[in-house]
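Labels A, B, C, D, E and F are assigned to the chains in the order they are written; within every chain, residues are numbered from 1.
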Amino acid sequence: MDYTLIIAIATMGGLGFLFAGGLALADRKLRVEENPLIAKVNDALPGANCGACGKAGCYDFAVNIVEGNAAVNGCPVGGDETAQLVADIMGVEAGSAIKMYPRVLCRGGNSEAVSKLTEYYGPLSCAAMDIVSGGNKMCFDGCLGGGDCVEACPFGAMIMNENGIPEVIEELCTSCTMCVQACPRDVIEMHPEDRNVFVFCKNHDDPKKAKDVCSVACLGCGICARKSDGGVEMHDNLGVINYDKLDQNLIPFDKCRTGAIGHLRKAEESEN
Amino acid sequence: MATVTANPTYKLELTSSPHVHSRWSTKQAMWMVVFALVPCIVSAILFFGIYQLTIIAVSVGFAVGTEAAIKYVRKRKITLNDGSALITGLLLALILPPNFNLAFVALGSIVAIALGKEIFGGLGYNIFNPALVGRAFLQASFPVQMTTWEQPNYAVDSVTSATPLASFKFDAVGTELNTMLIGNIGGSLGETSTIAILLGGLFLIAIGIVNYRIPLAMVIGVILFGGVFWLVDPAAYQNPLFHLLGGGFMFGALFMATDWVSSPLQSKGMWIYGFGIALVLILIRLFGGLPEGVMYAILFMNAFVPLINRYTQPTVFGGAK
Amino acid sequence: MKLFKKAKTFHGGVHPNEYKELTENSAFEIMPNPAQIIVPISQHIGKPAKPLVKKGEEVKAGAVIAEPDGFVSVPIHTSISGKVVKISKESNVSGAPKHAIIIKANEENEVELMPSLNPDTLTPEEIRARVKEAGIVGQGGAAFPTYIKLTPPEDKKIDYVILNGCECEPYLTRDDRFMLERSNDIIAGLKLAMKALGVEKGAVGIEDNKPEAIDVMSVAVQDEPDIEVVKVKTKYPQGAEKMLIKAVLNREVPPGKLPLDVGVVIQNIGTAVAIADAVIKGEPELTAALTVSGLGINNPKNLIVRVGTPLADILEYCGGVKDNAHKVVVGGPMMGVAQFDFAAPVMKATSGILVLTEEEIKAHEETPCLNCGMCVGVCPLKLTPTKLARYAQLDKIDEAEKLGISVCIECGTCAYTCPANIPLVQWIRLGKERVNQLKNDKKSA
Amino acid sequence: MKLLVHMLATLTIIGILSGGLLSEVSKWAKPKIALHRKAETEKAIFLVQPDAKSQKKIETVDFEIYRVFDENNDPIGYALPYEGNGFQGNIRLMVGVKNDLKEIVGLQVLEQTETPGLGTKVTEEPFTNQFVKLVAEPNVGWVKGAPPKKTNEVQTITGATISSKAIVDIVNGGLQKLRDVKNSGVEL
Amino acid sequence: MELILIFFSAAIVNNFVLAYFLGICPFIGVSGKISSAFSMGLATTFVMVITSIVTWLIYHLILVPNGLEFLQYVSFILVIASLVQFVEMFIKKVSQPLYRALGIFLPLITTNCAILGLALFIVLKEYTFIQGIVYGVGAGAGFTLAITIMAGIREELDLADVPKPFKGAPITLLVAGILALAFMGFAGLISV
Amino acid sequence: MKTKLTLSKEYIKGLWENNPVFKQVLGMCPALAVTVSALNGIAMALATTFVLVFSSLIISTFRKLIPSQVRIAAYILIIATFVTLVDLIMKAQFPSLSKELGPYIPLIVVNCLILGRQEAFSSKNTVFRSVVDALGMGTGFLIALFVLGGIREILGSRTILGLQVLPDFYEPWLIMILPAGAFLTLGFLMGFLNTYTERKKRLEREAILKKHIKPISDTPINTVEA
């Protein structure tokens, strides 16, 4: 054993001891109570503190996840494993439910909805059209076809069909409800996946007017409501389904002149 | 649906208010800039020969081509008729040395459009002046060629000569100010003739396309900062007028720094920006390793524009002062 | 006579082509009653009125057909005599359809008036009651119920009533004509408003492009020491409340506050006339005075029409629309609403109908924003429209709110100037709507 | 308490192991590194003094300088490492001079941080060879853009004037220092 | 004067991020928002100053006298890591707002190569104690400058139509490249 | 819940899918600083891999003995030890290379790639898996640095690994061996790689869409489906 070795060992051992002691002491004296979930999430993260998530280190990212300000898969370092772990931790809180899907409750596409006499010029976003007398369609309640929901979907699960009405690709949908929030006309609603009867119209116009604006509008005739034994209620010229009381067999689908009430056409079923 | 009996035969428009507009359009403004560059092009040809037109043509051609290609790949509308790519190409050509290698011109032009503009999303989103990005790239890539200056063409053929700034910096040789005013000196194509630049620049200021604040702030700044050093030691530091007329200052002040996209929005910001460019420029010219610094000064301040815009945001009407 | 001072004004603004010469010399013409009127039950800001009539009911001109529902609401009168055809949702000049009472005219032409009152002996309460009863709303465009403006909260000290005679929107000459033809009624209306508010000082702000109106009004206020006529610079949007207060009194209304907060109440010229009519003649607000103009209409006119008259009838009356018409706008060209359905009826606050041609619109293709800063330079509220619009477009509402999007008055100067022709106002309106939506969400959460 | 001990022990042990390991490795590496350094210096000395066969560090002065000898062990000159400011940072070079300090024999740039591809050309032969047999009295000068006409001048590199001048300045500075030392009577 | 030159050299001419590639990770990661970028810059500057003090002391008082220069990296990083962690805990305890504004950036700084780089440069350049501190302040200021500029630009780019694959790190790197080009203008301004 | 990858996959994932530089944006400082030439890139990557593998080995072996409060300090200490080791060895055996990589060797200590892998992987996995993972990441790092260095070397000095590959009339772009060139090259490289991945994702999505979407006009308005 020579001098350098001893000094080296002593120095490093000493420094290690010193800082370990300091940290241990600090840990004890300076500990701050916080949401235990944060610590849990923090533990699941890689802890590289690289900042790749855009947050100030792993701990901050954990706080943001727990507070709902960051996505569980926001850590590029940890990749899918970490995302899964974090999602599991967070999932304990969220609980599980029946899968919900967005449903587009308007079928008044380009070939059904009546256009205005004037031609709209301006941004083709639904929200922007909505504030300029509702863009090109006469109907003031239906889908504008601008595709705000398609834009808003982070998973590419919505597409605009040829007729100018958005469709949901369930396989890609994660029920995030971004499309629902994006729609200025509230045409998109979240429904449990097992519901398949809807009134595909939001128009409250009186029968004559409704017929003038769209060929598939709910005319408000109320025939479905009368036959359904409470399964459909009329609200201001529009049939609204009360799913608690709904008995599909009572609904006279073939009596609805415009087909406003009907079954969900799932994209994949249309192939047959 | 009631209809007006005198309803016109075609569809009426439905748009948001306001329903009337002023006369200026982006396109017109852009073409005005092109028009204002004509004197510089003429001076380039006068002093450095008709061959310079090929440089301009190559630069413009590649700029326009690159823009079209990128727009095509990105499936965006090809908007060449707004003239912006043309301007970038022109500006780049005018700040290159005479008789510059055409392959380099093409490279610079591609870089200017691709890296300077399209990567940020195209016209309107670029942070830096595209032409200057192109030139900075060339300067960094081919420093020797970028600093080899031909003498104006009626002097002896293809003799390299230094720019007035370089002569002063490295050889302590001064240049007559009136020669610099006319432009019969070594330098980049469009940068030498102060008179031609002023002609185009003042035209743009007069019709309101270029805001006078930025060039004015730069001129005042250079006179101020340059003047202080000149007063301290007139032998070591040149007369501020020399800085105004030398190198790319005038061209930079009137055509580069005033680029709408990469300059501040607010009047106050424009003053800060102009003074900032002047300060950096004087620092580089007097103390840096390079004789010329307009390009770097403008690029440097371009980077600050988002911050300047943020901190010169005026209080809204009626807000606490 | 404190009249020939240098014209006062505010920061920013633009000066679009005026086109006032089309109608400024044509006196008001009374349009014959239409065959049918459509009376929206919501012609004002606030809660719609509640219909009092049923289908098939006969009503007499001047009768109340809908009563106010809630505090911010006014009664609606029928402007012609006839039979109620139906009550349904109908197109409307404001863009969105509203419930309206449709009345088919009969032969009767007599109007049911309220008792006439003596302006000199009225108490403030009586004035307010009459203004409310007559269903008067502000003529400036927003159609705020006037009686509320005359009922300031206790804690606000009001010291000035300003009449807005700027009419800064191009084309419109309605207020100009009012000032030329009914200057005494205007002053009477102003005095009533001042009395209702208990205010000593009054002013009439008029742009310097209407020298005749300034002259006539100055004559009218000769005997009124407390009322002055203030000449302000011709510049759009000089007629915006905040801008006018700044120009006349050099007071700035803080963001999110009302003129009330700086001690001022602003009334439109047309409102003053309506107040005078309601009190002195006992006439409820049955007619709308408006300018029909633009290069696309055959006979530009200043008209007085029955509230509820469909646009089609009016355009017809003015000789019809030319073939090169491109856009029909209700209101001024800067803030008005483009129309898509000519069955839509005129409302109380309608100030003009413009038929514009391409030549006047000068629309050009939209190009990306180049940060030229022109919108920033002209914004009378010192906002940064380009940023606000972009934030709204990308749904970055927080940032937009921080930059003061809610302060925007949608005057349109930015979009007017924008060389890139970006629909700035449309985006900003969208942003403002989103801000309100988020605020409401937060409140309800 | 147990945790505390655990923490202390962990870091301390790692520290001790690390210190021990490194000290041993360093013991092995140190002489080698020193050797490399020496070899490098020697190499540079023989490059700037191509006729030299041996060298010796002069210990009588407080700066680094080497005396070089030919095959007859006769002193033929000096090799002087010297440094100064370049365009962006320090430049360290080795210059070889004859006994009388009047003629430069060779030049090598040892360390520099000049602009790659441009300023770094001062390390390359076309430039450094100009210093071979260059008259160093009264000092070294430079010219721009044309071959030098005087025997004590070098041509600067196009586009890297400042770096070139920096080299000349450092050489002049080093030689001046040598002359001063010699003039003051110190035996070199 | 010399100290001023050291400061400007570290802050601008030889900017740590744009010329030495130090601290790139946080430069890319935390430059999304001006406010957090600025806080990050301040926190880094703070740690840099502390580091330059402590590592200078360790190097010159412990390592050099004992011929232990080879323990540089090990001892420096241990000191930096522990100090940063300690400071973070301290701030968290003392002031929540300060922690929110500054403290949360501290763990990220441990692995910021700019810090260790700074400590090593101070040794390499043989700075005195005072010079070392000034160098630390300068480097911190330079880092703050670079990251704040970048954040300003990135906030602006949020509004731009940047091609999707280039969003995030790639565009940040490209902007950094152009910035580095612009900073080349300062070359030769100070050679320290 | 967490499916274990096979060892080969554990290795391969680091090469491309989770490439430390291009995908995880880790270890940027050395990636940018030393890649003036392909050779430097390789050397740096090898040194990094050495440190990565050995620290993974040690840390995963003793992972249960290190208390979490001091784990960062402990890890970084171990890493620093290996870095010093590399540094000393390089100085002793490969002096010219050591001179070239200069001050960037010590900075391996703070390469977030290494600490990141320790935290994310080694501290939670068996020794063998950790080493395989480290090797994979190291190889990925090597690939990235080689590509980056290669491009810069070709364009900036028309050579690769010292061999001239571009003709003489090609004028080297000096910018490529300057700092700016490093940023630009890596930026473009990452962008183009992302373009490729985006394209793949888009094609995948389009395949799903194709499966599902049929022109809506084919379906009658109110067919009753159960």
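In this section, a residue touches a chain if its C-beta (ideal position, glycine included) is under 8 Å from a C-beta of that chain, and two chains touch if they have at least 3 such contacts.
Computed from a predicted structure; not experimentally measured.
Engineer: Note down the smallest number of touching-chain steps it takes to go from subunit C to subunit D.
Structural biologist: Steps on the shortest route: 2.
Engineer: Counting one step per pair of touching chains, how far is subunit B from subunit A at the shortest?
Structural biologist: So the least number of steps between the two chains is 1.
Engineer: Based on the averaged CA atom positions, which chain is farthest from subunit A?
Structural biologist: D
Engineer: Of the chain pairs B-C and B-F, which one is connected by the greater count of C-beta contacts?
Structural biologist: B-C
Engineer: If we define chain centres by averaging CA atoms, which chain lands farthest from subunit E? Would you check?
Structural biologist: The chain farthest from subunit E, judged by C-alpha centres, is C.
Engineer: Could you give the separation in Å between the centres of subunit C and subunit F, each centre being the mean of its C-alpha atoms?
Structural biologist: The computed centroid separation for subunit C versus subunit F comes out at 65 Å.
Engineer: How far is the middle of subunit A from the middle of subunit F, if each middle is the mean of its Cα atoms, in Å?
Structural biologist: Taking the average C-alpha coordinate of subunit A and of subunit F, the gap between them is 34 Å.
Engineer: So the centre of each chain is just the mean of its C-alpha atoms; given that, what is the distance between subunit C and subunit E in Å?
Structural biologist: The computed centroid separation for subunit C versus subunit E comes out at 59 Å.
Engineer: Averaging over Cα atoms per chain, report the distance between subunit A and subunit E in Å.
Structural biologist: Using C-alpha averages as centres, the distance is 40 Å.
Engineer: Of all the residues in subunit D, which ones touch at least 2 other chains?
Structural biologist: In subunit D, 3, 7, 10-11, 14-15, 18-19, 22-23, 25-26, 87-88, 115, 118, 162 touch at least two other chains.
Engineer: If you look at subunit A, which of its residues touch at least two other chains?
Structural biologist: Expected reply: 4, 8, 11-12, 15-16, 19-20, 23-24, 27, 48-50, 52, 116-118, 121-122, 128, 131-133.
Engineer: Residues of subunit B that touch two or more other chains: which are they?
Structural biologist: 1, 3, 7, 12-16, 115, 119, 122, 124-125, 137, 140, 143, 289
Engineer: Determine which chains touch and list them pairwise.
Structural biologist: Touching chain pairs, listed by label, come out as A-B, A-C, A-D, A-E, A-F, B-C, B-D, B-E, B-F, C-E, D-E, D-F, E-F.
Engineer: Enumerate the contact residues on subunit A facing subunit B in the complex.
Structural biologist: For this pair, the touching residues of subunit A are 116-122, 128, 131-133, 135-136, 212.
Engineer: Report the residues of subunit A in contact with subunit D in the complex, numbered from low to high.
Structural biologist: Where subunit A meets subunit D, its residues are 2, 4-5, 8-17, 19-21, 23-24.
Engineer: Contact residues on subunit C for subunit E in the complex?
Structural biologist: 368, 387, 390-391, 394, 396
Engineer: Which of the residues in subunit D end up touching subunit E in this complex?
Structural biologist: Those in contact with subunit E are residues 15, 18-19, 22-23, 25-26, 85-90, 115, 162.
Engineer: Which part of subunit E faces subunit A closely enough to touch in the complex?
Structural biologist: Answer in residue numbers: 25-26, 28-30, 32, 36, 39-40, 62-63, 66-68, 71, 74-75, 78-79, 82, 85-86, 89-90, 92-93, 104-108, 110-111.
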